[in-house]
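Some structures are shown below for you to check.
Heads up, the next two complexes both have subunit A, just with different partners, subunit B and then subunit C.
Right after this comes the complex of A and B.
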């Protein structure tokens, strides 16, 4: 019952909620980012990061450092924290935490299949996979020739199996089909997650509905913009949009027929929350769209922490950490390539 | 009063007043302790988790646990007071209006104290949990949230006061 969760939430979730809030206090602040942005070399970055929570993970790395090493170690910290929480969780929190990983699993599957298509080595691809999305038989993905084999050999045993029902065709895997497969899987995953949160009820379902609706809408806009000028038909495009969110169903109808960015902008400006995002961009520009979406997402994620006794704080924390790792990657790349002027282009401050 | 047409009234007044008194005393201590325990576990689980990252909060936030515990103590005190009000009456006078009144007074007093302490314990527990989590992030918030807790713990006190006033009226017939 909404409003009375405070009476029973702490039986199973109290300890973990307190832990995740403790982790949140370790996120980098604007002052940390300012220090990092003023670094000259990657060793400076390492020195600044050792004063933060990333210290124990980076201190044993030998110089010279690579940006990929920094990102890898920071991701390792995220994975450790996630596993710590997952092992202590009971149902339904453990199911909720598992759902957070499925998105990464989908990305890993697509990464390996694409890499195999382009004749890359499986070991090299496995190293690039996100650790949160690993599962046992992932290396076997390199063997599959089409989607039916993909499903039958590997994915039927994984949690992604139910998301494949819309995607099984006998077509061979090529770049276009893989992107369609990725988006179809992600659509099924988002809808499944949404239904799961609705079943949980209470504050969790309210906050998660908002966050997932934003995610669905953002993906719809990205799919539209990326498929302008490709051979994806309008019907195919419409099939990739999720069936929930602020844009469903009328916004999707408008987006499906868009042929350039200004039409997309026209369609989105009818929705007040997205109008403010699009008003920050001048006409014809789409590079800043990603950053604008990230900023809006971070704002909503921070708001999730305002309420107590719900599960959305776990989701919000994982997403904020991922945003932080993206920020660190951008800063490290800018410093490594001596493009310090562009550092502020893509760093989203969390606090 | 007993009337021939109202069978419920007849059934109720034929229950011994000691039954009502005993139930009242049981509720006063039992439900108060339920409230206190509920509050303590709500606060305690958040406090343990938050203290991992911010160990400085542990000693100050034990105040929340103490406020919850006070609720249980109120229940014990009132139960002891109520049981001293129980006296024997001769069987002939057991169903007199006077002794029924005394029985009902003890019952009501027990219910008042029990349920007031139940909600007070819950209230203080939930606020204590939020207090621990906020203190871990920003230590200036502790004293402000403590004020809310103090108002919350006053609820149990109201229950105890009314319960004791109520039980003062529990005078059995042979003393009247």
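Right after this comes the complex of A and C.
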């Protein structure tokens, strides 16, 4: 019953909610970002991060540092925290936490399949996979020639199996088919996660519905913009949009026929939450759209912590950490390329 | 009479040597501008690549996705060294059809005379080059019976194909990265042609200095 979670939540979820709120207090602040943005070299960044929770992960890294090393080590911290929470969680929280990984699993599957298509070494591809998306039989993906084999040989025993029903064909894997597979899998995953949260009910359902709807809408906009000028047909584009969200179904109908960024703006400005996002952009420009969406997402994720006794805080924390890692990657790249004047183009402050 | 003829000849020699020095200085100036433009184009390209990684994610934009399958190059570089032409001439042939590499859909020719002539109009050679080769494409495609629209479509198709190693649906930031590196490649070819001219001018000036000693 919604509103009575306070009576029972802490029996199984109290410890981990306290843990995740503790983790949240370790997120970098605006003062940390200001210090990082003034660094001259990557070693300076390492020095500043040594005073944060990332310190133990970076302290043994030799100079000269590379931006990918900083991102890799920061991601390891996130993975350690996630694994600690997962091992302590009971149902249904453990299933909820598993759902958070599935997006990364899809990305890893696509990375392996694409890399294999391009005749890359499997070991090299495995090193580039996100650690949260690893599973036992991932290396076997390299042997599959089409989606049917992909499913039958490897993915049938993974949590992604139910998402494959919509994209099993015997067509050979090529760049466009892989892209459609990626987006179809992600669509099925988001819808499944949405249904799971709805079943949980209460504050989890209310807050996660909002966050997942935003994710679905953002994906729809990105798919639209990225497919402008490509061979993807309108029907195929429409099929990649999720069947929920603020834009479903009428916004999707308009987005499916957009041929340029201004038409996308016209479709999105009819929805008040997205009007504020597009008002930050000038006409014909889409460079700052990613940052505008990230800022909106961070605002919503931070609001999830304002309420207690629900699982959305775990999802929010993972997403906020991923945003922090994106920020660190961007700052590192700007410092490495001596482009410090552009550092605020993509940094999204969390607090 | 003889002294006036000698005077006319010597003044002609002086003006020729001055012209050679001016040509050398002009070439040097163009070369330095182009090197600076190349540095800017590459800097912009790398920055946009970082921006594309930020947008699409590190798993979608990384070197492990480069295509190692053997395939025809869509952009090739030609060196023309004929007896009639004093200097080697470098040509970039962009976005040829990867299905039929013999058929070039676009060519960019950077004539050193055109560069020197247009130097005074704009300090940005890559824009001049772009303007010059756009008009050349239209003339060339008209010669071979094609249309500018077909040429553009073929080039767009090849651009899309080369980016598809990162996925069929890529961010506009990645396409901007491709444009920046494409411009950098054009500037490199311009630099090659200008450097060739610069070295010739230098040889001429050096020869004259030796003769006067």
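Throughout what follows, the second predicted complex is superposed on the first by the 351 of 351 C-alpha atoms of A that agree within 3 Å, B and C clash if a C-alpha of one lies under 4 Å from a C-alpha of the other, contacts with A are read in each partner's own complex, and residues count from 1 in each chain.
In this section, a residue touches a chain if its C-beta (ideal position, glycine included) is under 8 Å from a C-beta of that chain, and two chains touch if they have at least 3 such contacts.
From a predicted model like this one, the values you see are computed outputs, not experimental measurements.
K.L.:
On subunit A, do subunit B and subunit C fit together or clash when superposed?
P.N.:
Overlaying the two structures gives subunit B and subunit C room side by side.
K.L.:
Where does A:107 make contact in the superposed view: on subunit B (first), on subunit C (second), on both, or on neither?
P.N.:
Second partner only.
K.L.:
Between subunit B (first) and subunit C (second), which, if any, makes contact with A:142: first, second, both or neither?
P.N.:
A:142: touches no partner chain.
K.L.:
Check whether A:89 is in contact with subunit B, with subunit C, with both or with neither, and answer first, second, both or neither.
P.N.:
neither
K.L.:
Which partner chains sit in contact with A:230 here, subunit B, subunit C, both or neither? Use first/second/both/neither.
P.N.:
second
K.L.:
Angle subunit B-subunit A-subunit C between C-alpha centres, in steps of 10 degrees?
P.N.:
The C-alpha centres give an angle of about 160 degrees at subunit A.
K.L.:
Examine A:130 and indicate which partner it touches, taking first as subunit B and second as subunit C; both and neither are also allowed.
P.N.:
second
K.L.:
Contacts for A:268 in the overlay, against subunit B (first) and subunit C (second): which applies, first, second, both or neither?
P.N.:
Neither partner.
K.L.:
Is A:258 touching the first partner subunit B, the second partner subunit C, both, or neither of them?
P.N.:
neither
K.L.:
Can you report the least C-alpha distance between subunit B and subunit C in the superposed arrangement, rounded to whole Å?
P.N.:
31
K.L.:
For subunit C, which residues are in contact with subunit A within the complex?
P.N.:
Where subunit C meets subunit A, its residues are 43, 46-47, 50-51, 53-55, 57-60, 62, 64-69, 156, 160, 164-165, 167-173.
K.L.:
Quick one: in the complex, what on subunit A touches subunit C?
P.N.:
These residues of subunit A touch subunit C: 68, 71, 107-108, 111, 114-115, 118-120, 124-125, 127-130, 175-176, 178-180, 182-183, 222-223, 225-227, 229-232, 286-287, 290, 326, 329-330, 333-334, 337, 339, 342, 345-346.
K.L.:
Can you tell me which positions in subunit B touch subunit A when the two form their complex?
P.N.:
Contact set of subunit B toward subunit A: 38, 41-42, 45-50, 52-54, 122, 126, 129-130, 132-133, 136-137.
K.L.:
Spell out the residues on subunit A that touch subunit B in their complex, using ranges where they run on.
P.N.:
Per the stated touch rule, the residues are 6-7, 10-11, 14-19, 21-23, 25-26, 308.
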